[in-house]
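Heads up, there are several structures right after this.
Okay, so chain A shows up in both of these, paired with chain B first and chain C after.
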Partner chain A sequence: MLGYIINRIIYLIPTLFIMSLVVFSFIALIPGDPVDAILGLNASEEARAAVRAELGLDRNILVQYLSWAGGIVTGDFGTSLTSGEPVMKLILEKLPATLLLAFASILISVFIAVLAGTIAAVNKGNWLDIGVLVAALAGISIPVFWIAILSVLLFSVHLQILPSIGYVSLLEDPILALRHLALPSICMGAALAGGIARMTRSEMIEQLSKDYVITARAKGLSPNEVTYRHALRNSLITVVTFTGLELGTILSGAIIVETIFAWPGLGRMAIDAIFTRDYPTVQGVVLFMAFFFVFVNLLVDISYTFLNPQIRLGGKK
Partner chain B sequence: MTDVTQTPSQPSSWGREWRKIRGNKMLVTGGIVLLIFLLAIIVGPEITGYDYAKMSIRERFQGPSFAHWMGTDNYGRDTLAKVIHGARVAFFVGAISVGIGMVGGMTIGAIAGFVGGFIDNILMRITDALLAFPPLLLAIGLVAATGPSTTTVSVIIGIIYIPRFARVMRGAVMAEASKEYVEAARAVGQEPWRILFFHIGPATLSPIIVLATVVFALAIIIEASLSFLGLGVPPPTPSWGGMLSESRSFMTKNIWMAIFPGLTISVAVLGLNLLGDGLRDYLDPKDY
Partner chain C sequence: MTNESPLLRVENMNKVFPIGGGFMKKPLELHASRNISFTLNKGETLGLVGESGSGKSTIGRCILRLHEPTNGKVYYEDTDVTALAPRDMKAMRSKMQIIFQDPYGSLTPRMKIGQILDEPLRIHTNLSKAERREKVLETLGHVGMRTMHADRFPHEFSGGQRQRIAIARALIMQPNLIVADEAVSALDVSIQAQIINLMVEAQREQDLAYLFISHDLSVVRYMVDRVAVLYLGSIVELADRDSLYNNPAHPYTQALLTAVPSVKKADRQKKVYLLGEIPSPLNPPAGCPFRPRCERALAACSVEMPELRDIGGGHMAACHAV
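Moving on, here comes the complex of A and B:
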């Protein structure tokens, strides 16, 4: 087990290295002189020299990369060109808002999707199952920004029961914070729920056809007990793993949802940085989110293998 | 993988395939949706009788009517004409992205799966790293550097999906390469590239076709997301995401500006997803 975890961590090193190269190349990909792109053509020579020095553009590209990557390893993601503050400090300020949004949307999506997926599996082939399948496919197909616009129209503009923009800290005013959290998290939750419901349904159908379920039924357990105590419990391992791996969808969704709802998280920070041409911040946020995604995948992988006795006990995977 | 070799001596084969297609509701529905979009793209926005760029201030903020089926926008432009032009943009981006993803991914995947060893290891580490990026995040980073344009966005989305095609192609090539007919081809002295192109290649197409429909749908969503964020197709070219972004400023004046472009994206993506699911069932080797 420990050997497996160490292997997985070592395996990550080349992945992280290549990811850093990709993000580093963002500045190299800017057509022409990056300083022109950042400051415009009319900037003073002093300002240009300052940006050039900040980005290390006067040095050899290999030295630039090594210096930048060295900083990343020690947690230094560079300095924001607009605020002059360390990018890592800005990231850590925005992270709680994104984590809160991600956590709330996962809760909402898992609740809806597991319920819907289980109902579909138990009623396989009838209209309830078809209804869930169609709704899940629609959930996967409808873009999150359209769900967001429609929900703002309904809940904020017409019914006027929920605020359409803004963020309030949970510690400041929990009720108001939850009211602000409702629409963004429901939108992101809806976008996630389709995939999780499909996964729950197929996993439940597989579990319900297994021998232990037949045995449980033969023992005289009620259908509900068989479904919820046995089949659902075993399906949840796969469902939770799948949900963890959906973090990419959550992070992508956060970029859009945070922009629409003026939610002060990492996604909105990235978009703001793009429009102000603050490239160190763009690089820092993209790399941080990508690393975060990789590490959560690693944790999901490790926890899954921990739950799988074949690997935990040193057998074959 | 999928052995679809059929000889002319099987007179019922076409009829059997047709029955199989007709029985596959997802494939038929997805196919019909796709055909409608293709038809609209071919005939173009002119079929509405309006120029998608022509403003008419007196007709602005109209709801659906016989004259303007999807209403008009804040400049009085016909929304249906803009939506049809947006379909051209979306499908152009989808086609270029899938083309780049397929060519790049199939080449890398075929080399990795067929050659194996050190080269396979290196190529797969690179694809792993690229797969580790959430696609929209990587697209945003790259567009931020290169600047937005329809072609740039298409190329970037294509590059982002190369690793997915590479992974699927590699798996399919490895599965095929261990089969007896490949060993037989090797035994009779055929050159490796001939074996790869003419024997293994055709057998790997099923999963690639299914993936292509899924990536087409994802490309449409990513393009719409980028345009919505102001990082995709630059205005005044109408794109579905850009139209939705514009609609946000006029939500209280004309709800239809937000309804129709969003509905169109959803129907297009739903159609492609249905087609992908239908193709997966249709091309499933278990059925043969």
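Moving on, here comes the complex of A and C:
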């Protein structure tokens, strides 16, 4: 088991290296110069060269990459051009808000979607099933920003039951924090929920057709026990995989949702940094999100071994 | 054969599956079993043989109400199983069990053997956790498995071992009736013999009755007391084992028996070959379902479905020509 985990962590190294290359070169290819952003378009050539030298932008691109990557290995993501603070410090400041949002939206969508998918599978073909399928399709196809704006209109403007923007820390005022959390997390989770519901439904339909389900019925288990204790348990592995893979979508959704709901998280930080051409911050945030995504996938892989005893055995060999 | 009150009595049971259909469209009707009647005594083994698609498994599952029979009655001792409320049916399930063909699909893959065997005890008894565990280990021992196997997962075992576990699962509630649905068909021959012997042993110890569903006539001959032959959802012949194997009356049974391979030269009698395929149960022929493939078909056969009747000495056959 430990060997399996170490093995998986070693596999991460080349992945992370390639990711850092991609992040760095994309930023280098983007037109627009941070010097313009700092000095304005009318600055003299000498002043621009001075700032360039100060930022290290006059060096060979390879040297730039190596010094940047070298810093990252030691935990130094560089310094923000706009605020002058270390990027890592900024990321850690914004991280809790994004984590809270991502965690809440995953929790809500997994809970609702697994339940809905299971109900749909059990009632395959009748109106409950069709209702779930239509709702899932809507969740997947409706853009996040549209759902977000409409839900602000409905819940904040017309009904006035939920706040439309802002973030309150859970530690300060849990109730108010949850009220602020409700709209953004539901909007962010809608697409994920649609996907999970469809995945759960198809996997459950397959599992329910297997012989062990009839065995469980013959044992005298009630239909609900058969569904939840046997079939759902065997369906979960697919659902967990899917949820893990969809985390990337969740994080990209965070950029939009955080902007609409004025949520002070990593997504907002990335957008602000892009508009101000704050290269080190953009690179830092994107790379950090990529790290995060890879890390969660590792957790998903490890969680298989608990969900699926067959993989556990494979790991030992 | 004794004439005491039977353990299981099936009366005119039918099962119709709706096929297809949809909005404003009537589904087709598939008659998987028609007018099935038979009895099964305590401690007896009744073989149910027929080609694939003849409705063997449907009958087994309808008896346990894993499918609901469309109409007809199933009596367990004097209880009408088809009329039981869910709560009473749950209690009834501990007396009737089933073993499936595929030992790879019939055990929940995410549960340990101990948990799989524990579940029925948890549902049907008030035993404490320790008592249940003891019973689980004891039953594992019965089927020739070791106690350490209780903490393993199904995928760690071979097909024969899994089938032992499936049998242990069926036996653990000490049922009086087990439906063995092609229980040995997926195993290779040497393992088949072990499993059959295990089943026979359990029968002797626990006064078990088996409904032994199989397409393998040699295995059935070894295992059963009486045989029912199915064709397209109906019983065409029902008799004592020896009577049926030595003097098959129905042309279909005759054809089936000559198809059994044998090493003895004397057994290689003139073969009766069957022409064509089993008709679709969605569109069965009029009259006798076997008529299109029968060499001895009479005029009456295409008009009237023959009834199962006694042709002497309790040997029942459904054929106009006999």
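Operating definition for what follows: the second predicted complex is superposed on the first by the 278 of 317 C-alpha atoms of A that agree within 3 Å, B and C clash if a C-alpha of one lies under 4 Å from a C-alpha of the other, contacts with A are read in each partner's own complex, and residues count from 1 in each chain.
We adopt the following convention: contacts are C-beta pairs under 8 Å (C-beta built on N, C-alpha and C of every residue); 3 or more make two chains touch, one makes a residue touch a chain.
Since we're looking at a predicted model, the values are computed, not measured.
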item	value
Partners on chain A (chain B, chain C) - clash or fit	fit
Once both complexes are placed on the shared chain, angle at chain A toward chain B and chain C, C-alpha, multiple of 10 degrees	80
First, second, both or neither for A:G3, with chain B first and chain C second	neither
Superposed model, chain A: greater residue contact from chain B or chain C	B
Touched partner set for A:V152, first chain B, second chain C, both or neither	first
Touched partner set for A:V282, first chain B, second chain C, both or neither	first
Touching partner for A:G84 - first (chain B), second (chain C), both, neither	neither
Which of chain B and chain C A:H230 touches, first, second, both or neither	second
Least C-alpha distance (whole Å) that remains between chain C and chain B when both complexes are overlaid	12
Overlap of the chain B and chain C footprints on chain A, listed as residue numbers	none
Chain B-facing residues of chain A, complex	14-19, 22-23, 25-27, 29-31, 137-138, 140-143, 145-146, 149-150, 152-153, 157, 247-249, 251-252, 255-256, 259-260, 270-271, 274-275, 279, 282-283, 286, 289-290, 293-294, 297
Chain C-touching residues of chain A, taken from the complex the two chains share	210-212, 214-222, 230, 233-234, 307-310, 313
Contacting residues of chain B [partner chain A, same complex]	125-126, 128-130, 132-138, 140-147, 217, 221, 224-225, 228-231, 241, 244, 247-248, 251-252, 255, 258, 262, 265-266, 269-270, 273-274, 277
Residues of chain C defined as touching chain A within the complex	61, 64, 66, 86, 90-91, 93-94, 96-98, 100, 102, 105-110, 119-120, 123-124, 153, 155-156, 166, 169
